[in-house]
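Two complexes, one shared chain (chain A), two partners (chain B, chain C).
Take a look at the complex of A and B:
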């Protein structure tokens, strides 16, 4: 190898890993989704919840989740999950760096799921504009749900043309559907 | 599980922070935060917004625990950030609290480590006494 070939790209190291970030509000199922599809034991930073979150679950993510999914012999999806609470917004900004796609997850049983979706779409808008996103709506079976129609209408009104699916974060086929949609859009350039 | 309000937790915690900072002038700020990122109590020589640091403290402590577990190295004692202008130490108080201590003094790391250890033990003792 000549010296001219032997260089470090200071804009980022070449890698066949595709970084995907799962984000969304507390309880939307981000950690569960990564656990469901990861090929490796998921790196978690869960701690006991001391606030109202403990009404719905005992622990909460405070830094990140990390899992991996081998797509083929050469390509691995690196799956990062953000904390849900806005006080951890600094982690969102750290984790989104270098991500090629965003999986936004929304809990349909939350008081204002469309408001939650708006918050996260706004927060990641700059990044999404340069890459792409998919939306997974969870807990559609337990909510007094008015169905998916409101999400489709909202996305159309706002001019967001991302796939949006009702999913169960515990089902590999559902989480894989999100990831396949995302990677397909990456292949065709968003 | 005994439940304390944030105000009650702050009342138990604040005297330990004041006492430590009275004794060690090299320490510039101390915070006690919940493991999930809520501010419980703080004391600092120069008023600065510390809410974000409270959340960062819980994230960093948790990452320290995660790295320690990954390497099978027992329990994480401290996470230390060494900067051009000082040091920041994060350490567990008990299962639900994390102590964050800051010094801007050159060579202040030793004091920061020992003072934050004894302060964390005192806060933990106060909590145990209240709960038992």
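Take a look at the complex of A and C:
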């Protein structure tokens, strides 16, 4: 993991940062979403995928993505993207500490997107309870089974009250919708 | 045809019951005609007994209770405002009470096939290419057309609606789209005054999807998501569906603002109503928006079928019980708002 070590400066990940964390499984579009809206050139730790991820995509994030949105002259909102692969799970907790909220992304064209959603909602349940979350369902344009119905049903059944939208991480207005909703949730107390 | 003369208690109740009776009329496919009259002799709602209503025709007297639940000894009841999920059931039930012995004697009914009788367990389904109108005196309002479209949607039935002097508009069930010219769609979106359009009649024709697909393939036609249409209509129209401003509601699902137009406060309203039940009154106070706006937002959610009644009557202090205050600093929130919601 020399690659990771080179990039990873954990001291730089301040839990006191004003930040939003993008999380979700491999290929959901976390890196893309941050790239789409960031004001700065995104710091990425993507490497050429060599393992189980290889079939599905060319590169994968191994430590984190980092982007920024300038809120005003002296306030920067940091956007962190977690690595999707399970073996980098240890990064999740590091990144999420102190985050304003979590943007969960799932890939609708993946084999079990509902299972993915469940996994992440549970993983972050503790943090989400203290902050808030929004869910973006990506790749609906290429997924075989169309429709958001199953997600709405799932959220309703499980009693999750977070915003959930079909989005395309390549579109700024879609990523903005997630950030707007997250802000609105923060306004009403998460 | 049965004439239902309606006298209703107040404007708010009229708005609600009009919708129900109107849909009854639509779904009974012209067997009913609704006439509003002050000297009510066919539908009687006694001011002394506001809970009861009687549908009377020359042969039959049917007590109907207007209330939250069915009551022993009455054939059917009309749900209170807000319990929209019961509306379709009510219509089926009431339709079944008035099963026609013969095809409806509507002079404007030009049928190529006899109407199948209304049935309690299956919604009345019009045969292909069957044309009928909803009574000559029926005034045209876009809100009502949206109701007709809602009925077609619930029955998953593709229809053609033809207006006197305008239209047609098509509803395509498989894709859940409405097709029409810009003029008509704009009308549905209530960008025009409803009063401009009163006095028009229209006809409804059921079509199979294949032939409908062929007819909507016109250059000046465009499709519009049914979901967006009912959303817009409910937000723009004066007669909100949610008329009991003290009744508590909650949202079952998050509105899809990826396709529905929204304002900043809709997101907060959705967040509050997803998390806890609240009345239009309390919502209006909590978010500092005018009451009619809160009602319209709730009505629009209701039109999407994602709002549900969560107990009637206001809980003591329920608006203050719901924390709508952020845990984050005002200053930071202000910055986030400026960044994400600035035009």
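Keep this in mind: the second predicted complex is superposed on the first by the 166 of 190 C-alpha atoms of A that agree within 3 Å, B and C clash if a C-alpha of one lies under 4 Å from a C-alpha of the other, contacts with A are read in each partner's own complex, and residues count from 1 in each chain.
By definition in this document, a contact is a pair of C-beta atoms (placed from the backbone, for glycine too) under 8 Å apart; a residue touches a chain by one contact, two chains touch by 3 or more.
These figures come from a predicted structure and were not determined experimentally.
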Contacts of A:162 with chain B and chain C, given as first, second, both or neither: second
First (chain B), second (chain C), both or neither touched by A:100: second
First, second, both or neither for A:109, with chain B first and chain C second: neither
Chain B versus chain C as contact partner of A:180, first or second or both or neither: second
First (chain B), second (chain C), both or neither touched by A:119: neither
First (chain B), second (chain C), both or neither touched by A:44: first
Chain A residues touched - chain C or chain B, whichever exceeds: C
Partner chain in contact with A:90 - chain B first, chain C second, else both or neither: first
Intersection of chain A interface sets (partners chain B, chain C): none
Partner chain A, residues of chain C touching it in the complex: 252-254, 256-258, 264, 267-268, 270-272, 274-275, 323-328, 332-333, 335-341
Chain A partner contacts - residues on chain B that touch it in the complex: 34-38, 51-52, 54-56, 58-60, 62-63, 65-66, 70, 95-96
Chain B partner contacts - residues on chain A that touch it in the complex: 43-51, 53, 60, 62-64, 83, 85, 87-88, 90-91
Complex contacts: residues of chain A adjacent to chain C: 18, 69, 71-72, 75, 77, 100, 148, 152, 155-156, 161-167, 174, 176-177, 179-181, 183-190
